[in-house]
Amino acid sequence: MTNETAGPWRTLSALRDRVPLVHNMTNFVAMDLAANLLLAAGASPAMVHAAEEVEDFLDQADALTINIGTLSAGWVEPMASAARKAVELGLPWILDPVGVGATPFRGETAQRLAHLQPSVIRGNGSEILCLGGGQASGEATTHGVDSTVESAEALDAAHDLAKATGAIVAVTGAIDYVTDGERIVAVANGHPMMTRVTALGCALTCLMGACCAVNEDYLEATAHALAILGLAGELAAAEATGPASFRVRLIDAIYNLDEATLLDGARIQ
Amino acid sequence: MTNETAGPWRTLSALRDRVPLVHNMTNFVAMDLAANLLLAAGASPAMVHAAEEVEDFLDQADALTINIGTLSAGWVEPMASAARKAVELGLPWILDPVGVGATPFRGETAQRLAHLQPSVIRGNGSEILCLGGGQASGEATTHGVDSTVESAEALDAAHDLAKATGAIVAVTGAIDYVTDGERIVAVANGHPMMTRVTALGCALTCLMGACCAVNEDYLEATAHALAILGLAGELAAAEATGPASFRVRLIDAIYNLDEATLLDGARIQ
Amino acid sequence: MTNETAGPWRTLSALRDRVPLVHNMTNFVAMDLAANLLLAAGASPAMVHAAEEVEDFLDQADALTINIGTLSAGWVEPMASAARKAVELGLPWILDPVGVGATPFRGETAQRLAHLQPSVIRGNGSEILCLGGGQASGEATTHGVDSTVESAEALDAAHDLAKATGAIVAVTGAIDYVTDGERIVAVANGHPMMTRVTALGCALTCLMGACCAVNEDYLEATAHALAILGLAGELAAAEATGPASFRVRLIDAIYNLDEATLLDGARIQ
């Protein structure tokens, strides 16, 4: 993808043109931000989690995202059913194993979902290290839902996880890495203020769903989502006075992102 | 209601004076925005959904709103109980059949609730078309929770739905229509940016609850809520740089709305 | 604590240095604001509520907060288990009995939790009056989840509640009072606009958890949380044009709060 600077814009344009319907089973903290981020980017978000309807709803969806941030027992089976239905329909589906190392419940659920053929798995260094190591519980690399390791330290685990699951694996951090188990793409966009807005990683997972819905090269689509959000973060930081004004400007920046800015600002290698 | 330009202000003033307690059973995406919108308008919001307390809570409430946006099986009976209790107490209750056409589960639940004597039913074109047609599942007029038809195309269905349920029916879109099955009122306020903020329609439903709590003419109260929110949207759009700053300004605009601005700006016919 | 003007800054500095992991079982309306407020203050928030993992998660947490704002039956036992585990681990845990007077379900749950050795109980005048009076249901002092009494009117009840439970009790209002059943501290920071932002009291409860995690004198830590949030509210109000811009500026203000401003602005007596 080196020198492929036009890529992120192609993906964002397609997203705006086609308005993909992204079905999200995400956590309660992320729902508002994720839906607004998707709307700002040009997608059509829906939050649907009931066992009675997740499969029916997917019939009209263009992508599925699953996030275990505020997991409870009643959500596990609907998540698994939705994942299987997405695979059956050939839809991209993205897994976000939030805090996978923090408790056995998360570990077991995330391991199970990771083996239902996700198209993409996105996590911070700690999450990918834990999930890629095949372990159900933590490794002293997690602080609640935050990572205590750099993304680069999880590269081997990301590679193994991609091989084991067939998924594209994205490790996010100061530098983001995306791998299919062979190629590795690094995305250098972003800003430290992004760690001060809750659920921004979760919303990013939803944006990956939207990008994969319009770009069948999921490795590329995932990297594009990272560049788009990261660049919007850089633009927002230039005008923000703290994390809340940063959040407002970030969403506005995604909405206003144009070809020249994205061509100039995306840092994908 | 032609030439009745003072109406919306009378309703908003009464709302601010009487601070109605609006009991909302709404979706997880809408809770934050809806509560903040109600507070900004002058009402007192509460989000209460447990079977153990919905009926008790209604004893002190002034209105009830029910929204099926993130429906799950455990919420259906409490919603029905709350609706029946509201009717028993003579409280206005507003139904928002989000995404009713998207799955049979939503269709069946919305049909059931629609026949528990709601005071007002609010939906986009697709939702009213589906619910008014008496069908439990979609019609190729829905894209997730978004409508693919204009509000005017759902006018016949709105009329039928009002006749069948006894409710005031509001179809929202670029032009909003409100009917009791005989009279039709059109409200021309609003701005396209309103479609880029998640759950704004859901929050509008809650505002209708607040307006109906202080104005017993529910057709009028519903039209007033539409004019108030739509005008706030117009004011916000003039200053916003994207959907997130628009949302901030919209809530501030409702809080600051004064008599002269509302008299001048409301477009109810 | 008179003349102890350096205290709030010492607590806020410790919070920023130590980044305590605050485990919150809070309501759906508050989750977004509470997590963002904690991140802005310097803490690490997590929202975890499932029976399957609340106790495991506490093993790495530094504080627990429990809030019954959108209570449902399935959350009660996990709340009680978490409270017991926090006590066992010696972690501070904070109870927010939202709307305790509004229904018997809330009253019974809050009474039960209040007797599981919370470190701090925070409520508005109505809530403390109801809980301190030992009654399971309301007293005509509550309007939904809002108080209809001044905080000072609940001082006797706060005193009794502190004696009966062993908790520090904070009654919030125009003036906030904190008592351990013997000493009483008053905090005079804050701004009326704070009552126009939903769940700000709930988020304050979470901030108390973060402060207690880094300051073992819970009476002091609680007063410091009140001064920090109240002062941020004053700073935000000076620049806001309504409740939504106020909310944005409040979070930014907490993030930017420096020693001189806090020393000068905290009003703890």
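Should a chain be cited, it is by its letter among A, B and C, assigned in written order, with residues numbered from 1 in that chain.
Definition applied: a residue touches a chain if its C-beta (ideal position, glycine included) is under 8 Å from a C-beta of that chain, and two chains touch if they have at least 3 such contacts.
This one's a predicted model, so the numbers in the text were calculated from it and none came from an experiment.
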Proportion of interface numbers common to chain A and chain C (over half same, under half different): different
Rotational angle, Cα trace of chain A fitted to chain B, multiple of 5°: 120
Distance from chain C to chain A - Cα centre to Cα centre, in angstrom: 33
Numbers and ranges of chain C residues touching at least 2 other chains: 28, 32, 247-248
Interface residues, chain B side, partner chain A - complex: 27-29, 32-33, 69-73, 99, 102-106, 138, 142-146, 195-199, 240-245, 247-248
Complex interface listing, chain C residues touching chain A: 19, 21, 23, 28, 31-32, 35-36, 39-40, 44-53, 56-57, 60-61, 74, 247-256
